[in-house]
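We just call them A, B, C and D in the order they show up, numbering each chain from 1.
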Amino acid sequence: MSTPVGIAHIGIVGFRGYSGAEAVRILSKHPNCEPVLLEHRSDAGGDAKLLRKSSVLRAAATPEAVGAAGITAVLLATPPEVSMDLAPKYLDAGAVVIDLSGAFRLQTAERYKQWYKEEHTAESLLASAVYGLPEYNREATRCAKLVSNPGCYPTAANLAIRPLVSAGIVDRAAGIVCDAKSGVSGAGRKATLKNAFCEVTENFSAYSILNHRHVPEVLQTSGLSEEEFSFTAQLIPIDRGILETIYFRTVEPMTAAEILEVYLAQYRDEPFVRLYEAGNVPDLKAVQRTNFCDIGVIADPKSRRCVVVSAIDNLVKGAAGQAIQNMNLALGFEETAGLL
Amino acid sequence: MSTPVGIAHIGIVGFRGYSGAEAVRILSKHPNCEPVLLEHRSDAGGDAKLLRKSSVLRAAATPEAVGAAGITAVLLATPPEVSMDLAPKYLDAGAVVIDLSGAFRLQTAERYKQWYKEEHTAESLLASAVYGLPEYNREATRCAKLVSNPGCYPTAANLAIRPLVSAGIVDRAAGIVCDAKSGVSGAGRKATLKNAFCEVTENFSAYSILNHRHVPEVLQTSGLSEEEFSFTAQLIPIDRGILETIYFRTVEPMTAAEILEVYLAQYRDEPFVRLYEAGNVPDLKAVQRTNFCDIGVIADPKSRRCVVVSAIDNLVKGAAGQAIQNMNLALGFEETAGLL
Amino acid sequence: MSTPVGIAHIGIVGFRGYSGAEAVRILSKHPNCEPVLLEHRSDAGGDAKLLRKSSVLRAAATPEAVGAAGITAVLLATPPEVSMDLAPKYLDAGAVVIDLSGAFRLQTAERYKQWYKEEHTAESLLASAVYGLPEYNREATRCAKLVSNPGCYPTAANLAIRPLVSAGIVDRAAGIVCDAKSGVSGAGRKATLKNAFCEVTENFSAYSILNHRHVPEVLQTSGLSEEEFSFTAQLIPIDRGILETIYFRTVEPMTAAEILEVYLAQYRDEPFVRLYEAGNVPDLKAVQRTNFCDIGVIADPKSRRCVVVSAIDNLVKGAAGQAIQNMNLALGFEETAGLL
Amino acid sequence: MSTPVGIAHIGIVGFRGYSGAEAVRILSKHPNCEPVLLEHRSDAGGDAKLLRKSSVLRAAATPEAVGAAGITAVLLATPPEVSMDLAPKYLDAGAVVIDLSGAFRLQTAERYKQWYKEEHTAESLLASAVYGLPEYNREATRCAKLVSNPGCYPTAANLAIRPLVSAGIVDRAAGIVCDAKSGVSGAGRKATLKNAFCEVTENFSAYSILNHRHVPEVLQTSGLSEEEFSFTAQLIPIDRGILETIYFRTVEPMTAAEILEVYLAQYRDEPFVRLYEAGNVPDLKAVQRTNFCDIGVIADPKSRRCVVVSAIDNLVKGAAGQAIQNMNLALGFEETAGLL
């Protein structure tokens, strides 16, 4: 795709959700883009009652809007079933589609049904969908018409785990543990008792232990088998941020500095992966409202035990930020435009 | 009502809600009572999956349960429309009823309709319902069959305001401002977008400014007119607690110590009202998980400005605790039983 | 001051505090500026241990840094006593100084001593310091060498109250109540038991009732007398944001729409004041991480009661954002540069 | 020790700290005890300014108070260095001592120095100190003069891990991971920047990865070696509660129900350990303000992966509650007195 002349109009479906609203915020400051809010019937909630009205562009979430509003790309910040419905229509209308749902992340409809417990209704698109983890799929994304934006948990997990597995330094017989914690915005903007304020505040809870639907994304990208990978998702009583504490043993005794060399070999030039000095790890404040994935390493060479902490903002690098990073690649913009 | 022999069975409808669950907790430690959970079709949510099952008594929320389970009193921790349906039935079945909803707080059906925007469907009970603010209605409550438990905001407001108005020290021409803040449990246990964790955390918002349905309870008890009383409800991102900051001018210059004398005259022997030294005010930590209403006074005699801070736990003195205080009175138990 | 050629170097003393760090964040995205971190001996805390070091400019917080680092303006995000020490030195070194402390906000040293309980040690600068509330002091700020940035509470209060008082619509005999609530970052970044997490979370507390040191700033700008103005500061268990609920009576019966006309007359063209439709008010989410002051009005003409809600982010419009707005004016940049 | 006649006076040193205050709360409702607040020079903070003064007993934290106030036992809710100073004095004065610090938990002074980085100054008491984990040391505690109350993290960890290790079902070659999360009250009541509200809220951070001073307590009780045990402590932005997510592989394929049989064999009659149905795990709300340790199991027999979640309230079962459970044993009271 050639670089567009002037400012590109980018449609967002689901702009009232947390990821969609974050995308609108980022696009509003993007040097090459202007957001177009696409109203979908499934949207809930209204707008602020300001006297001076916002001048943001709006249209109905129909394929016709693509031509009528001169839309170059559409971000689908929608549930998988809505994405499976809308993605083919927007592609037919000529837009690049970046889907933030889980609809196109797994490689086969069978695997989708196994983990999402629903039929896939747009199976024909699976073959051409590019899994948009730019650190590993940058070139494919540049040519993509349909980008499947990675899940929030898998983004933090794969960026931390894949280099270790690729380098062959993980004692896979002992397995890898990924203890993941997320802010509540990861569950989306909807009214549920589970996410009601009084149920969450001053609480901490684990869910989907060993069977979270994000697990197959980690297996697919990291090369681990399900048996080697133990994953627990947990809810922190905060708005946003994911921190994953990852435990494994190295095949040979290695210091944190030596393990960091493996990461440096992979990420030295990556704009959105930051590494910490040996013995230091990130907290969530370091990454909130940024598109960074921060990684730190602690190791005890004697026992070959290693702990890696990987942190992202689930709404940015885990959703809208990475979606715009992918959009930048697919539309030929500077990869970091609007994101630093 | 004569004092029951042995342990009284107390039914709770709405025991999965926040107020109902608090009532169960208090009754479980009450020396004279044992709770009976009354399952109502409107209940949401399930119970903890413990291997060793709880031995708490249970029954269906029907009038027949009163006789079958030997129930002496029923606490209705239900919405007004459910209370209007159930209260007559439980009264007919011979139980004392303590209603925690707004159904029987206002003295006429007209006034109910005006503020609650719904028809009253149990109007015949309004005349006999006792408004259960024990500090002012103790004797009537001892003989009551139906006690209407005060609202959370009005409890904190009336305990602070009524003695001042009664003593004639308030410059009523200047009006009284009551700026009220509540934890989110005051909105009840239900799935709404408004109370979703990410909407509330790190936020603070005002609602029902000048027209909250708790206003007429304050007018009815304090003696103020609507024109004299400005009330704003606000949501604090916490689980529980109400703090009201009350502003007025004294008719004559008065020090905080002099104003405290007015309170002392009223509350010296009250078990659940605590006063602070002149110049000191309570915070929410002082009252959470207690049945106390804490009151402190700041005054500037020169300008006759006065600020009173009144704090309660909305689920205890503002709901379940006061309900059990009322129940203790109505059943002839020690007023403070289970509450200190 | 003429518009500088190229990028201006802006020094920040106190860059590890909450206001200072916010200033660095804003300046990092400012089209005309680049921040220079000025290390002062009073600073606490260290920097993130990233492998790839940040390229932000740094220097010691000495007057010599002004010439050595080509610094055009210095933001002092420091306690008043440090500001009184440093401001004259940086002014002598030729820099424009924007002081975020209370050191230069009150017009006389006597008044400073009365409210801050300390001697003023830079009294000679008081006459030339411009009180930087741009909506009222825009022209003076354009020529200022020393700008005194308003306090957080007074910014929200004065923007809401001054137009009402100027228009003569407030019944001043009844007084104005300003019930103010602030996130904890307003107290600064320091280790105190009062601001320890477990003391604040799930709590809500009032402090400095009727005698907060921000009161004289409100009197000075709004034209109210101390006797007419009742102010309470309160701590919300959140990071950032100020919401003030303001109560008064109009002289004549007025609707919310009529009161909004008063605001519109004043703020129609202001870039950072937003008004809400009659009957709607802002919450904190509306203003967090923005330089806006949002104002909404509720009124009951019959009783002449009126409630105005004014909300800002205490670290942005209440501190660093307004400081940069003032800096933009003083250095001849676009007033909104870096702030939208 | 024979059962005391009447009500026992129990001294608390450190009663203004979070654990100490919790002990006072529990003892105030204890059927056999009355608390005596022992003022120590290291105490910070003051008391609520209530007009009606509390009638709680008070004395100076000196050994003479034991005789003068008729004190039977003293709870030391103090830092290790204060406990090493006071414990011998109170023992000499004839009181039973329950120490909540880490001073007497490890079996040798060498091990104390290795993990606490300080000299042990009361080494002679180590031999007679009983490690008060009642589920494993009940009989020894009944005869103890000095009880060393377990750490918060080790309580949750040992109750979950020891039965598994004892039963020989853990694949120790693969190691056990304990990913622990704690509310902030675990850090004690003191003014530090690390625990300041704005540093903690909306954040989540790991600390003491692989080298937390609580690790040797887990090794000592569970029978694991340091090489087999990977432990990370993490801060949840809440007041209280510890949740530990524990990962291991079983030697042979086992279902969650089979693993629960191992726990049932150990804990069937324990009053303060609760087990969940297979496939269910506790959250923090289930245990806050209780003395329970709740344990749930998830397992995948095919891959032999197992996840155990163990939850306690760090101030109750992790500190004051367990201390009073130990005191009950040492003084001959009902073990559960004051704790249900």
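Going forward, contacts are C-beta pairs under 8 Å (C-beta built on N, C-alpha and C of every residue); 3 or more make two chains touch, one makes a residue touch a chain.
Please read these numbers as outputs of a predicted model, since none were measured by experiment.
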Chains in simultaneous contact with chain A and chain B: C, D
Contact-richer chain pair [C-D vs B-D]: C-D
Remotest chain, chain D as reference, centres from CA atoms: C
Separation of mean Cα positions, chain C and chain B [Å, integer]: 40
Centroid distance [mean C-alpha coordinates] between chain D and chain C, Å: 46
Centroid distance [mean C-alpha coordinates] between chain D and chain B, Å: 37
Multi-chain contact sites of chain D, meaning residues that touch two or more partners: 183, 199, 201-202, 237-239
Residues on chain C engaged by chain D in the complex (per definition of touch): 18, 44-45, 183-185, 189-193, 195-202, 237-239
Partner chain B, residues of chain D touching it in the complex: 48-52, 201-202, 260, 264, 274-277, 280, 282, 286, 289
Partner chain D, residues of chain A touching it in the complex: 173-175, 177, 179, 181, 183, 199, 201-206, 209-210, 226-227, 230, 232, 234, 236-241, 243, 245, 247, 249, 281, 283-285, 288, 298, 300, 302-303, 305, 307, 309
